[in-house]
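Before I ask anything, here is the structure I am working with.
Here the chain labels run A, B, C and D in written order, and each chain numbers its own residues starting at 1.
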Amino acid sequence: MTTTSVSADAGTNNGHAGTARPDATPTTLARALNMGLRASMDRDPKVLVMGEDVGKLGGVFRVTDGLQKDFGEHRVLDTPLAESGIIGTAVGLAMRGYRPVAEIQFDGFVFPGFDQIISQLAKLTFRTQGKVKMPVVVRIPFGGGIGAVEHHAEAPESFFCHIAGIRVVSCSNAADAYFMIQEAISSDDPVVFFEPKRRYWEKTPLDVASHPGSTFSSVIRRPGTDVTVVSYGPSMPVLHAAADAAAVDGRSLEIIDLRTLSPLDLDPVLESVRRTGRLVVVTEAPRESSISGDIAARVTEEAFYSLAAPVLRVAGMDLPYPPSKLEEYYLPDLDKVLDAVDRVLAY
Amino acid sequence: MTTTSVSADAGTNNGHAGTARPDATPTTLARALNMGLRASMDRDPKVLVMGEDVGKLGGVFRVTDGLQKDFGEHRVLDTPLAESGIIGTAVGLAMRGYRPVAEIQFDGFVFPGFDQIISQLAKLTFRTQGKVKMPVVVRIPFGGGIGAVEHHAEAPESFFCHIAGIRVVSCSNAADAYFMIQEAISSDDPVVFFEPKRRYWEKTPLDVASHPGSTFSSVIRRPGTDVTVVSYGPSMPVLHAAADAAAVDGRSLEIIDLRTLSPLDLDPVLESVRRTGRLVVVTEAPRESSISGDIAARVTEEAFYSLAAPVLRVAGMDLPYPPSKLEEYYLPDLDKVLDAVDRVLAY
Amino acid sequence: MVNQQWIDSLATARGVKERGVTGAGATPAPTSAPSPAQVIAGLKATSGGEDLIQLLTPEGEFTPHPDYPLDLHPDRFPELLKGLYRDMVLVRRFDREGNALQRQGQLSIWVPLLGQEAAQIGAGRAMLPQDMAFPSYREHGVAWCRGIDPTELLGVFRGTEHTGWDPREKGFGGYCIVIGNQVINATGYAMGQRLDGKVGQGAQAEATIAFFGDGATSQGDVHEAMVFAAAYDSPVVFYCQNNQWAISEPVERQSRIPLFNRSRGYGFPGMRVDGNDVLACLAVTQWALDECRSGNGPVLIEAFTYRMDAHTTSDDPTRYRQADEAQAWKLLDPIERVKVHLARTGMADSAFFDEIDAEADELAARFRAHCVAMTVPPPERMFSHIYSEPNHQIDRQRAEFLAYLDGFEDESGDLA
Amino acid sequence: MVNQQWIDSLATARGVKERGVTGAGATPAPTSAPSPAQVIAGLKATSGGEDLIQLLTPEGEFTPHPDYPLDLHPDRFPELLKGLYRDMVLVRRFDREGNALQRQGQLSIWVPLLGQEAAQIGAGRAMLPQDMAFPSYREHGVAWCRGIDPTELLGVFRGTEHTGWDPREKGFGGYCIVIGNQVINATGYAMGQRLDGKVGQGAQAEATIAFFGDGATSQGDVHEAMVFAAAYDSPVVFYCQNNQWAISEPVERQSRIPLFNRSRGYGFPGMRVDGNDVLACLAVTQWALDECRSGNGPVLIEAFTYRMDAHTTSDDPTRYRQADEAQAWKLLDPIERVKVHLARTGMADSAFFDEIDAEADELAARFRAHCVAMTVPPPERMFSHIYSEPNHQIDRQRAEFLAYLDGFEDESGDLA
């Protein structure tokens, strides 16, 4: 089950398909995040970066490379090895007026900090009726496909989409990475920021002067007429490859990148589904009680008469993430998306 | 917004509506759980009960009352105040051959133990390809409507339904409580066992000699023809009240109690929806990325042509649980269910 | 195959067991652990042992402590003690009123602090205005010291709101129900104080104090709070009110040695103070906050006290402890010893005591009146301040909900 | 408003700072903490200080320890030491082979134990067959002692499986990746040993040993493991391999005092052993396991050692530590000192050393051959043993998946 080589994500800054802007430079997603963190730290002395190995090492994926050297150990903190401690102290720092950007080293290691996220980070603003704000960003490298050992390749975003009081977002190209991390940091809401680690080294165009306005909205990456296909972060290149392959068979797929997973910006999806009548939702997260089920249920409820077929899902199976030599069987890929397109068109 | 008084859940042991069996005794749900725990401990010396205040005090809801007196401090353990420690030591005890029944005192306090549940309890059997079994039950009193302070009235079951490797069940009457807790304890799978705390003191018939076979399946509590209404645990009385009220308007609701939330037993639901063409899912859990969305998405996918209307959901709003004086506005009640029935019939 | 050795070991108050082993950390010789028989009889360790720091004995005799001075001019001592007496009497009075209001259905629940007045007032009065406190749910006495009117505590127990004050304005966090959570948040706040340059010698120097119980010491969050505070020399006092019980579990269930020793595992000072001696609590907490303010944080204080009443109004202590235990602790009452000292030394006459009692009754009456008059907030309060930024999903669900409610007014409800 | 005081404090190796304060737990006077300059220069604390328990010096001189005897007849000492030498050489050899296999793309990752052979073989050989070990992911040396063939370790690093052995059969748990998780599971297992009556004087008495690193000591799970073990007197040895680093963070980041002191906060013994001295690790671990077996558990052992290689093959230590640090620790090599002692005392001749090296090469060759020949498991392995009971959802998703795969064979795939 080899995946055909996928083209770089053809998305551009403002979400309009088409050629890259003249002064956009091909930039890796990791580099774009580093530039975005740096821009936020330059702008606001209250912005801190904290986590395991984020300072001297520059992070296990080098996303925070050079920040401690430039901003000092008092703003880029290598923390003791304890995720509840990292999130819990970030909450306290935020109460003091700081804007901490906490890093969870890999998706599977967010769970020791889950209690502080759901019981304090997500609830303090409501608990105090707005007197306490939680401008905290929790960065989590997530998703599979990197041949790693257990707990290093999971997609836990559905858990956080079920928690009221926090925003959940995911970037899928360098431009979004650069602008979304800054928007997350400047937001007074707590934001869980999912980074598709498999794509950290993919280059896509970034024009730092493009000022795209809010990047937390859904965006049509590629217009189409027959089937609407929706995803975010890690799976976006798969969708573009599927659209290319489908075009060869004369089928036009409309590709939408959600960017925000909670609160979902469903209007562009509904508008598209009302045109195409068919929707496929693609995520790496397991199927059961997940964000993919929520999208299917809400689109069906709000666009029932437009649907020519049920919303189909290409999602992880309801299994613990498999050993890495089998992960390509588990992950959504080109063939699975094309198969779903076939089936949704068969109704 | 006062809720009309709800009749006791008319469910009986074998899931067939109808009068109580001759030798069935009206029993509170809490008492039935106590009797079920006792029966399991009598049968198997490896069964332990552990948690905060479960021993000498008999549990804050008295569900474990008298067990320490009868079985000793070595089988009913009052533990230090640490949920990761409770679940983590239960995992170790299970590796040693014991069958621990761990109590989480209130739903909001499961999250410090969330990491041990998702990273160890749910994955050890797959990790060791079956060489290690995890016959652990995690009991969680859940749901609202008891006028309590924060973190004491939440419905966190969707989180656990998203975790592969554990079963998630919920009892809604004394008979199910008695038999399901024993089935959970004797199962070699880890089971998260949700108890509707608002209904601990409601009496329903219990016949300990009825041997109902597996209680982990969905069950039709009340046959009907117009609309299928599905729920579990805390909301079941609301559904029965709605069915009674709807009958007055000449509308016949089919009431289904899921009992198992993961893996979902959807066949009875699909069979029913293929007859009625309309489905309403009722849960206290927030709507976003939840079990209610998953049920709606799967039923739509598998019974698309039978649906005369989209699956509608009566769920908690996507808010932190409100202060108790406002909880009745938040919780699914008779009026909300009847309103959903109206709307699903309006398509 | 019953394991008798285990059963015996559980039933006894191991507190401290002679280990007869070498190596650092071998459990120190038992100081004041009650005998197994005593524990079974419910007579808990009423004496704090040699390590107990005490200035005012249960009988009202005062001796200053060489290491923990009360930093004030001796002439102002009577005024200080009378003030502390007033604090404790008034706090106990509205706490009793809270219990009564719950019994009469005016509150869903009340969390009594009976017996812990000295531990809370002592620590509360040790704080400077710029300091920050992180409470659990029982710290009504500390709230009092931070200028939070008792009526502001009612909402959380009546079920109308979660926090009735502005934490930064009062220097007192909202009540925290999840055991241990607030302790790691306190360390983070203290890290922020240091980052702001507020640790050092200046008059503006700040410190933080986290309040938690004996049961909370078992939580991972309290451990990680101490690890981070030691790693960053954070100006935070970990103030553990060991009231001997975590609902139905005795402190021996959480630790085999006195809790103040916990700091020895992290390398910062820890001391046990007589939690029923308001002067000792004041002096030791002042010292600890000053240590933190000057950069020598963190510090652990174990206030050795007793939970005289039930865990909450929904608890029944007769199921797990002996009445004679409470009797023994009554002899160590935190208010009684101050009254005896004030009367014996002539610092205060009966008129003073009567005046305080009258003021207490007035406070209780105002507290009650406010409670019974409290209204239920409007239902859309459920949607307020979930986020700090505009949120289309919240707006939509609010609109749908209000439309649904309107439906009941004109009987044509429509829940989108 | 830059906080210079804070910046200085972070950059220095506070290790232990003179506190000049009263009260129990005041940080003990610094014993062997490296000077700030030393740390900045990357020269870590290469000496374990006075508390270090050592039997065999880096130069190969052996002196028995009064408190920690090697319970064997002196005549059998040469055989013991030669066996330990062989263990360490073979383990180091296949560990080096693992590194090489990763470099050649045969493994996704390898986690080297270079430098920690003595800490692992000493503890591994101290265990009795009936004891149980809970490893993290670096304990290849302990696995060796528990009869797990090195090839059984390959699956987890090649990505073909998560655990290649039966934990109960080998008395060695599966590798645990989430830092700290296995330590609380170990306490639970030890509680079960006591419940089974296996704690006491009999020959069948059992104990458990949990392996974790210096970074892990900051996790809440390790704290709660110690709280529960102290509460239930559980027969568990907490064996911390302080190899000075948690990926790029020095141990000073986790604790300001030597880690063995952590047990003083819970009331059980803790000691620091020279983690590069296989005899000291054997003697101290034997003593600790016996203490636990007889009912005096738990015990904390800090094996003071050094991670000679990178954290894993995906790590680059040159970004965070000085090369001269590794040079300093080379002088304390765990294998070299045994070789010197065996040679100087005439217990072993060059033939013996050559024989061991040959055996090591054979092992490495078998290890390599097994690895390169390893096949990818069939895809439906993803569905196997998710649950122990029949599961209709798993069966259905397996059937759908296999049907989907078949579709590719006859090009008419149908994913239900």
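We take it that a contact is a pair of C-beta atoms (placed from the backbone, for glycine too) under 8 Å apart; a residue touches a chain by one contact, two chains touch by 3 or more.
All of these numbers come straight from a predicted model, not from anything done at the bench.
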Have a look at B-C, A-C or B-D and name the one that copies the A-D interface, over half of its contact pairs being the same. B-C
Max Cα-centre separation from subunit A goes to chain C
Rounded Å distance, subunit B centre to subunit D centre (Cα mean): 42
Subunit A-subunit B separation of Cα centroids, rounded to whole Å: 33
So, what's the distance in Å between the C-alpha centres of subunit C and subunit B? 36
Could you tell me which residues belong to subunit D and also touch two or more other chains? 1, 3, 6, 10, 161-162, 178, 195-196, 218-221, 224, 227, 231, 253-254, 386, 393-394
If I count partner chains per residue in subunit A, which residues reach a count of at least 2? 74, 79-80, 82, 84-85, 108, 111-112, 115, 119, 126-127, 150-151, 164-165, 262-264, 318-320
For subunit D, which residues count as touching subunit C in their complex? 1, 3, 5-6, 9-10, 14, 16, 19, 21-28, 51, 67, 194-197, 199-200, 217-221, 223-224, 227, 230-233, 253-257, 260-271, 291, 295-296, 300
Contact footprint of subunit A on subunit B as seen in their complex: 84, 108, 111-112, 114-115, 118-119, 122-123, 126-127, 150-151, 158-159, 161-162, 164-165, 262-264, 285-294, 296-298, 300-301, 304, 309-313, 318-320, 347
Using the touch rule from the top, collect the residues of subunit D that touch subunit B in their complex. 161-163, 165-169, 173-174, 176, 178, 181, 184-193, 195-196, 220-221, 224-225, 227-228, 231, 384-389, 391-394
Interfacial residue positions of subunit C with respect to subunit B in the complex: 1-3, 6-7, 10-11, 108-109, 137, 155-162, 177-180, 215-216, 218-221, 246-249, 253-254, 314-315, 319-320, 376-377, 379, 381-383, 386, 393-394, 397, 401, 404-405, 407-408, 413-415
Across the complex, what residues on subunit B touch subunit D? 48, 74, 79-80, 82, 84-85, 88-98, 112, 115-116, 119-120, 124-135, 164-165, 167, 187-189, 262-265
